[in-house]
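For clarity, chains are labelled A, B, C and D in written order, and residue numbers in each chain start from 1.
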Amino acid sequence: MKEFKYTEKKDTRSGFGAGLLELGRTNENVVALCADLTGSLKMDAFEKEFPERFFQVGIAEANMMGLAAGMTIGGKIPFTGTFANFSTGRVYDQIRQSIAYSGKNVKICASHAGLTLGEDGATHQILEDVGMMKMLPHMTVINPCDFNQTKAATIAIAEHEGPVYLRFGRPAVPNFTPADQKFEIGKAVMLNEGTDVTILATGHLVWKAIEAGHKLAEKGINAEIINIHTIKPLDDEAILASVGKTKCVVTAEEHQLNGGLGDSVAQLLGRNLPTPLEMIGVNDSFGESGTPDQLMEKYGLSTDNIVAAAERVISRK
Amino acid sequence: MKEFKYTEKKDTRSGFGAGLLELGRTNENVVALCADLTGSLKMDAFEKEFPERFFQVGIAEANMMGLAAGMTIGGKIPFTGTFANFSTGRVYDQIRQSIAYSGKNVKICASHAGLTLGEDGATHQILEDVGMMKMLPHMTVINPCDFNQTKAATIAIAEHEGPVYLRFGRPAVPNFTPADQKFEIGKAVMLNEGTDVTILATGHLVWKAIEAGHKLAEKGINAEIINIHTIKPLDDEAILASVGKTKCVVTAEEHQLNGGLGDSVAQLLGRNLPTPLEMIGVNDSFGESGTPDQLMEKYGLSTDNIVAAAERVISRK
Amino acid sequence: MVKLLPQINNLTIHNSAIKELTINNLTILNNVNPHNKSIEELKEIAAQVRRDIVRMVHAVNSGHPGGSLGCTDYFVSLYFRVMNYKPSPFNMDGEGEDLFFLSNGHISPVWYSVLARAGFFEVKELATFRKINSRLQGHPATEEGLEGIRVASGSLGQGLSVAVGAAQTKKLNKDNNLVYVLMGDGELGEGQVWEAAMYAAHNKVDNLIATVDRNYQQIDGGTEEVLSLGDLRAKFEAFGWHVLEADGNNFELLLPALEDAKRATGNGKPVMILMDTEMGFGVDFMMGSHKWHGVAPNDEQLEIALQQLAVQQASDY
Amino acid sequence: MVKLLPQINNLTIHNSAIKELTINNLTILNNVNPHNKSIEELKEIAAQVRRDIVRMVHAVNSGHPGGSLGCTDYFVSLYFRVMNYKPSPFNMDGEGEDLFFLSNGHISPVWYSVLARAGFFEVKELATFRKINSRLQGHPATEEGLEGIRVASGSLGQGLSVAVGAAQTKKLNKDNNLVYVLMGDGELGEGQVWEAAMYAAHNKVDNLIATVDRNYQQIDGGTEEVLSLGDLRAKFEAFGWHVLEADGNNFELLLPALEDAKRATGNGKPVMILMDTEMGFGVDFMMGSHKWHGVAPNDEQLEIALQQLAVQQASDY
């Protein structure tokens, strides 16, 4: 199992903030909108440096999505920022009609996704956002795994013409991907080649998949670990190639089992290559208040859960 | 292949209207809310007979969901009515927090779902509603197939404590299920026992699955056809039993492939019984204006599409 | 006989300061409308457009004649006299042009007819309205690139936000032209409209002229029965807007009101026109109720309607 | 020393016409509050509640002290003097009781403290706030049956709709009691609030007393900088409400205002109190800005805060 090193833990939302600031400096068409959560989204540096390109919307997310759609007319590239819940479920119909169906070049940037939001509890812990966004035709759905990757993704999506959902989170997590990476939308990243089981992880679960890979290696299990930072379009080819080799799969994500990466993989396999699958995710329940670690543990999203799922799925081959 | 007879085509929304009227007469706690679409939802008979229990909300669906949640406090059983798009995507966060997470006994009744809405076009043709609603913990998701079943489902959900999403449609379709049926939430209905392929269909696609069954029979293929009127909770047992026998599956629904019945089945199979699967549904595109039949044809949801999928999946066994 | 088909002169669009001209005793600001018709001509065009409307909805037995007929004079005024724009080649970004957005997308027939008659696309394309594979969707859509449409609408309540966003982009781009948006009165039940209203006032979006089609009708009845809007002037003034009133079915009164609205721009407040119209205007049996909101005339009714609208029929499609 | 712990008398709840009593020179309507404290007592309870608040948020280093402290006097007034309710056994339906809803759910600390001190659950449970497996979620939730909470909140803008629905159910049930709801001022940016406002006025929901916590602060700054609310009285009056103003941090002024509000019910209009409060009231360094909206005090700050709030500490948890 390959070693992955990090010197620092950093929050993915700060990766977004850093990427947005850089975009402000390099692309004058980039504008940013925020619904009264500038600090939480780490958009303050952009606001400070480019006040005329920053739009404070107040607590009115539906309006924000419409504004962003309108701002594309005349060539702006709007980045909207609010919590993932208010970026999706609160404004689904607005995104659907004014952005996705209208083919508008809006980047929906969503923080505090998933359980790791922590103490605020279930009303804020959206676990259905990926499911919603990936159902939308024309939408690209990205969930990077650490600070560096989130920064790279933020910069990359400005170059991509069309609506994008970019999901990131609140807590500091190991920052292990290269600072100078080029982010390729839709291209899965092979982290560790293996032969016994394929682990497909996204977002905060990528690091846990790496940890699980080490634990599995100790048990003599050679896991192939792939970072699926883009959930839509899914890198079918990379997944099918890996599964063709390992003959079993574990998916891992900070999302409901329904509608997430796991379902996309289940569909891909069922339609092409029926294969034993185990899914790590939240099993049809709301989250609750607690620390990120406590919650990931309680809801079955820990490293050990991935290890157990890998062993289970191998035994089903 | 069993014969299915019908004397009349009727719209499922009228089944809802008839069920609601009957509920008005038998359950004084039932109240109804509508967002300026009383005629389209066939709620006028209820409004006329029970004006004091009917609440006209105007064009404000978010408010309607909150009102409904509030009305449960004091023992009412609110039935909300609007188009499926405005029943889900427009109000997802309101349903999530005020109804699903709060465990409120609200029945979200949604008409004009899917492509068969016809001429109004894509802004109204929601193909993601089932996906959204099934991701919500505590939510029951039902998509009956004809007038009689929709009426029975409407009556049944009043007895079920907890939030329900009831999906139905606009066009007149064959009314072939028994008028006196008892609707059992979560219990799949075996329509035709067969051995070669399992066809799992929901909503308007159930009749097309029956038609496909006849065409397959002519080709010597013996299809098992099951009406999955309840998408959540899914009747895992019935599905696994059938698939264990036929060893291949086709799902058919008026929904995006992402997030619908097909994904639920793909997940179930991948986690329990990997099996070749073909899915009939809309493949990641918006709908458009046209007649229901033209649209079902163009987007690959016709009887012949089911036949072809069955043949394909059998060849993959 | 006056030629009604559009005459597109190769106008140079002036993006400079507002100019004043006097034509037909009206002061016209920033007069670079490509048609710039006289009131007499406008009346004939309006009759033509109304004939188009009833024919279009009759042909597919669906669509929304009521609001379309009521708003015909407004559309004809904008496109044949008031707005500065270039119909061809259509430019999505609309730089150097006034922009128009239709929030109450169901009245697409009037917009399509006016766009065709103003030279955005061929008049004969009106015959494809609401048919499969058409660019003239039931509700306005951009997917197939129909010239003149910049965002999809149909799900109500979203257009004002989009228009405000587009207006802010014009300011960023130092483009002096104006943004127009039309909403239904029933549509004002949607909270997003008030979000956008609050935002536009706070941000001094004073290059925007919004109009409410104040026909006092929506689907389920009169607006004051369904959800009373009461004193709309007081509401919008309390929300910080400059409010004007207009008679929407009388060019002699409507044109000066539109010029007043233009003059009111640039003064730190968004401008709102409360435009009285009669649903179904021009066809006597369609007037005076909500019944013709979304119902098409039968053959006989079409004939009567056409007779009433028969100023001349030379260029009918 | 005054005993602050709740004394729950076995009160019979009178659901009859409103009665007038005179206590402490105030006329009290429908006086069946189970505590019915004097102003002096209310002040001591408020100090106690404020100590609870700073302790609770300090203990988990998260939560929202600012709004909680600002609204303490309002909550104490409602639960210890104004509202008619029975804390135990808690009845979700609340028939024969006044109901309270908190729309700005982030100020849960003040509500939890007041509920505990008023006898809904044990004071020591406050120590579980925002911890895993607690019933005291970051934002109010019903899932684990916390007594006193009837609907989840936290995602802003939904509570007024719920309260209006509950008020309409009271009318259907011929229950004369009142429904109270509190909202934040920043929260008024959400369009759903205005949908509910329009609906409540149209439907003469006059058994409802809504209150806005007019602290002029939200997360990103002052409300008038972020998204100015301007003349809120004019806005709500234009929306058809009976509007009152109150000082929310002075019992001598707040109690009569709450009684005025009660007296204003039953007159065909919903009642709105614009309640001036100071965010962070009672702790000097938390006052006068938005900085303490959602930040917990450190150890040293806690000590200073507790000293400032030390009316007496006998029953602190």
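To be clear about the criterion, contacts are C-beta pairs under 8 Å (C-beta built on N, C-alpha and C of every residue); 3 or more make two chains touch, one makes a residue touch a chain.
These numbers come from a predicted model, not from an experiment.
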Any chain touching chain A and chain C at once appears in the list B, D
Please tell me the distance, in whole Å, between the geometric centres of chain B and chain D computed from their C-alpha atoms. 41
In angstrom, rounded to a whole number, how far apart do the mean CA points of chain C and chain D lie? 46
Rounded to the nearest Å, the gap separating the Cα centres of chain B and chain C is 37
Can you tell me which residues of chain B touch two or more of the remaining chains? 57-58, 60, 62-63, 85-86, 90, 93, 96-97, 101, 122-123, 286
Hunt down the residues of chain C that sit against at least two other chains at once, touch-wise. 141, 143, 152-155, 157, 189-192, 195, 198-199, 202, 227
Using the definition of touching given at the top, classify the network of chains in this structure as line, ring, star, complete or other. complete
Help me check something: in the complex, which residues belonging to chain D touch chain A? 60, 62-63, 105, 130-134, 136-139, 141, 143, 152-157, 186-187, 189-191, 218-220, 226-227
For the complex, give me every residue of chain D touching chain B. 92-95, 99, 101, 141-143, 150-155, 157-170, 172-173, 175, 191-192, 195-196, 198-199, 202-203
Where on chain C does chain D make contact in their complex? 189-195, 198-199, 201-202, 227-231, 234-235, 237-240
Which of the residues in chain B come into contact with chain D in the complex? 31, 52-53, 55, 57-58, 60, 62-76, 78, 93-94, 96-98, 101-104
As the complex stands, chain B meets chain A at residues 85-86, 88-90, 92-93, 96-97, 101, 122-123, 127-128, 131-132, 134-137, 249, 256-259, 262-267, 269-271, 274-279, 284-286
